[in-house]
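Presented below are the structures under discussion, each in the form of structure tokens.
Next come two complexes, and both contain chain A; in the first it sits with chain B, in the second with chain C.
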Partner chain A sequence: MEENNRKAWLYLVPAILFLGVFLVYPLVDVFVYSFEEGYNFASQSRFGVGLYNYGKVLHDVYFLQAVRNTFILVIITVPVSTGLALLISLGLASIPKLKDLFQTIYFLPYVTNTLAVGLVFMVLFRKTDYTDGMVNLLIRWFGGPTVDFIDGPYWAKMFVLCFYTVWVVLPFKILILTSALASVKQDYYNAAKVDGTRKWRIFTRITLPMISPMIFYLVITGFIGAFKAYSDAVALFGTNLNAAGMNTIVGYVYDMLYGNAGGYPSYASAAAIILFVIVLTITCINLMISKKNVHY
Partner chain B sequence: MKVVLDHLTKRFPSRSKKSREEVIAVSDFTFEIPDGELVGLLGPSGCGKSTTLNLISGLLAPTEGRIFFGDDEVTRLPAENRGVGLVFQNYALYPHLTVRQNILFPLQNLRGADKLTKEEMNRRAEEAAELVQITPYMDRKPAELSGGQQQRVAIARALVKMPRVLLLDEPLSNLDARLRLQTREELRRIQRETGITTIFVTHDQEEAMSICDEIVVMKDGCVHQIGRPQEVYDEPVNLFVAQFLGTPPINVFEGEVKGGKLLIGGAAVLDTPGIPDQPVMAGVRPEGFVLDEDGPLACRLSRVEVMGRDITVVCSHEAFTGTMIRAIIPSESQVNTASAEVRFSVKPGKTRIFAKETGERLRPADA
Partner chain C sequence: MGESLDFDRIERNARIRNTVLKTVTYALLILWGLMVLFPFYWMVLTSVKSYGAYSSENIPQFFTLSPTFENYVKAFTGVPLARYFLNTVIFTVLTTALMLVVIIPAAFAFSRLSFRGRDLLFTLFLSLMMIPNELVVITNFVTITNAGLRNTFAGLILPSVTSVFYIYLLKENFAQIPDELYYAAKVDATTDFRYLTRVMIPISRPTIITITILKVIECWNSYVWPRLITDEQTRYLVSNGIQELRESGFGKDDIPSMMAAVVVISVPLIILFLIFHKKIMEGVSRGGTKG
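Take a look at the complex of A and B:
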């Protein structure tokens, strides 16, 4: 027994070491930084310890803007992408013939580089001296006023960011939901059919409960993913997100560390901890709801 | 409600893309099931018995032929309008619903004139639960029940909407041996009490023989024989049916008919008047052997199994097609276990003769 225990620990040492050095230690360090006022990397000096960093960050208009953006992004994209993915998966499940082809097409965004996709969105939405972008051409075709989606009004930019996020996260969700739907045994549907169950009732009373664990998995990871959004915004609006008014919380953290106004690890740490608390809270709420509604 | 199958045929397109050949799952099935009877579709795996059940339930559409419930033709009627109750092999109970919700489910589907009030639904669910004796478990989830209890819930769910026909697909195959015995009695009781015409599919001949009013023996999509269990057991129309029914199985010997006598291993075993001379297969039921010192059938004794109620003599014979003959004789019989040889004569009523080529039954003139 003793022997075995020692062996087990030996096997675990590399993982523990790496995780400790690159994950646990930095996490603890971030927590410590966030309470150290005016910490300086170069001189390793600080003025004092306290909640000053949090106060500063929470009163920073850029941070508040980032929080607002992030929340809008989360609230719009998580339900929309999950709902859309469910619709598409149901559609895919009911067309056996071209299913493979469409599955491949829907999966493409997943394997495409974020920045490459960003470029495509530029072509679609950006107004330049030469062209208004494809979408604007379409709008004008139907007689609407053109909009500058990249440098224009806030709602237009937010629309593009949400559109982009939904489009990027869809493939994974479709993949998960298609396999979840396929794993519901045909017998349940046959039983329901013999009993004369209407389509909608089959969907709400049988299909949905059966795939509910997967849906909640997608919602929880979707929330976490959307809260951590950053690269998508960069791909669309460039690195100066504060100027574009499209910064996210992670973007704010990055800017505080390395951006033009950077060099404030204390503020960055405080912002990161705030993000952590938000995500933790939301995930806990999610888990509580799922306990009530997810079957088995 | 009587159920009539009229030249029912189901062909499936071939799985492989190369061959255009169709797979015939059910071929030209004609049968009238009298009202209130319990009928067993019996056959080895892949014989088309489940397909037949699905055709009757409406989950599959027949390629040819017609189906009647009573005088109504239901061939083109979708499953939900046929009024059938279907119990699946793995029960297909909705795992996220309680037993009560599972049983209520079919009732909640009713619309229009058939729509029931909440009290009426609950009353019917309680009734169905009582019939199959699962009332104490109404608020449990299926996963919290044993296999036998789940089975009962599945039957209650099928019965609660008062179907015209009850269909059961291998209802007992997921239960352990003891529970299977118990449940099949239960099944019989429920069927008797409700009087619903019931068709059930099984590959277990004992199951079918023990509770069915009538059995249908199928193989490769074709019906081989239909009849009362005892009748089919005693008078099989061919070698397949003879071999499929009975445990231990019928003992099949190679032999020939010559001059009105059945010869096994050269010895005349039985008079067979009227059968022309030809090579044959002779089947003797285990209980068809009679211990006889001067008997024509000389077998090498392997061992004797004493079961209490009777004795099984395990022996071999050069003309035997299997490995070991199993002969069941009364427990009073004295078998000389020291001897290497045991001699039998056979009972004419328990010996059946089949043509060697076709396997068709050959009937002596006096039988």
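Take a look at the complex of A and C:
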């Protein structure tokens, strides 16, 4: 046993070392940083210990802007992407022959570089001096007024960001819901058919309850993921998100850490912890709601 | 007589309703398919338009009759794209290899060896899964900077190595291998290490391949950490390269060259996906997440 003990720990040493240095220690340290008032990385100086960093961050207009953007993004993209994924998965389930082909195509965004494809979206949506761009061409066909989605009004920029986010997160959701739908036992549907149940009733009384755990899983991970939005925004609007007015909370954390306004790990830590508290609260609320409504 | 007519009508109505439903379904599915594929089409199309032709298009053209590869030449000569590419390959290969070296023994210890505190330690490991990256990135940035590892591969790779989730996934897989095999090997005086490399790893190959592919995708697309830790162009990975390109390379308006670079960066993963799409989708549905 003693020898076995030593051997087991030997196998675990690399993992423990890596996790300790890059995951556990940083987790403790981030709280320390967040209470070190006005810590400056360049001069290695601070002027006290306390809650100053949190107050400073919470009164920063850029942070408030980032919080607003992130909440709008979350509130729009989570329901839209989950609903759309459900609709598409139901469609896929009704065409067994071509299901695999469509599913493979739909999965493509998952394996592509967010930054690279974001650049394509930028080109599609933007309006420059010499051309209105692809999307504005479509809008004009339908008789609408053209808009610069990348450098124009706030709602237009928010629309592109939401659209791109949905485009990026949908593959994962479609995949999960499709396999959830496939795992519902055919017996239930057969029984319903014998009773002559209507399609809508089958959907609300059999399909939806059976896949509700997966829907809630997607909603919860969707909330968490959307709150951490950052690289999608960078891809569309460039690294100076504050200037574009499109910064997110995570973007604010990284800007505080590094970049033009950077060098303040303590403000970054405070902002990161605020984000963590928000996400934790929302996740707990989600779990409470799901306990009440999910059928297992 | 009347009754049978009624029956016919009901059946015909049902058929029509079914056809309509099928058509609408197909239309919607195809529409979303186009939404997914169109950006890819547009990026390839734009990358083969000459700069002159592209800038004189007041109305975007949906195809081109005179494709050119000059943008691809420009993409490689105008910016150090080959360098970004090489960096990303080195980063991806080393990170993935190092990850396997770290997680396989750990998963083995958790699934096969019995030692004091195993369950407690495993629970601790699992609880680490809940730590969001955004929280730890700050200290890691300071650690790597203080260690003088900015703009080095070590600085890029080390914090990206471990993943608790993959240890968990592999441990579950190892645990399914019947104990009898282990005892048989013990009777033959096989060492634990030999048993791991000769029996467990070959049996779990599908899972290990899945984990490898998922990690490769993650590495290839990583942006935040490389951006924080590299500021010398010669150390950029493709994601940072593409961002740099957007902000200053080529002159802002040489969109065709930019798109050529985007195509070059996207192609490796798309090829990987086309070969392994079954494995990738299976692996992701077992617990991959994104964002």
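In this text, the second predicted complex is superposed on the first by the 279 of 296 C-alpha atoms of A that agree within 3 Å, B and C clash if a C-alpha of one lies under 4 Å from a C-alpha of the other, contacts with A are read in each partner's own complex, and residues count from 1 in each chain.
In the analysis below, contacts are C-beta pairs under 8 Å (C-beta built on N, C-alpha and C of every residue); 3 or more make two chains touch, one makes a residue touch a chain.
Note that the structure is predicted; figures quoted are calculated from it, not measured.
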Clash or fit, chain B versus chain C on superposed chain A: fit
Going by the touch definition up top, name the partner, chain B or chain C, that contacts more of chain A. C
Return first, second, both or neither, reflecting whether A:W155 touches chain B, chain C, both chains, or no partner chain. neither
Of the two partner chains, chain B (first) and chain C (second), which one does A:A191 touch, if any: first, second, both, or neither? first
Check the residue A:R201 against both partner chains and state whether it touches chain B (first), chain C (second), both, or neither. first
How many Å separate the nearest C-alpha atoms of chain B and chain C in the overlaid structures? 9
Which of the residues in chain C end up touching chain A in this complex? 22, 25-26, 28-29, 32-33, 35-37, 39-40, 42-43, 46, 55, 57-60, 101-103, 105-106, 108-110, 113-116, 118, 121, 125, 128, 131-132, 134-143, 145, 158-159, 161-162, 164, 167, 192, 217, 220-221, 223-224, 227-228, 238-239, 242-243, 246-247, 253, 255, 258-259, 262, 265-266, 269-270, 272-273, 277, 280-281, 284-285, 288-291
Seen from chain A, its contact residues with chain B in the complex are 185, 187-188, 190-198, 201, 205-206, 209-210, 212, 295-296
Across the complex, what residues on chain A touch chain C? 4-5, 7-9, 11-12, 14-15, 18-19, 21-27, 29-30, 33, 41, 87-88, 91-92, 94-95, 102-117, 119-124, 128, 130-134, 137, 167-169, 172, 175-176, 179, 221, 224-226, 228-231, 234-235, 238-239, 250, 253-254, 257-258, 265, 268-269, 272-273, 275-276, 279
Complex contact set, residues of chain B against chain A: 57-59, 79-81, 84-86, 88, 90, 92, 94-97, 105-106, 108-110, 143, 157, 161
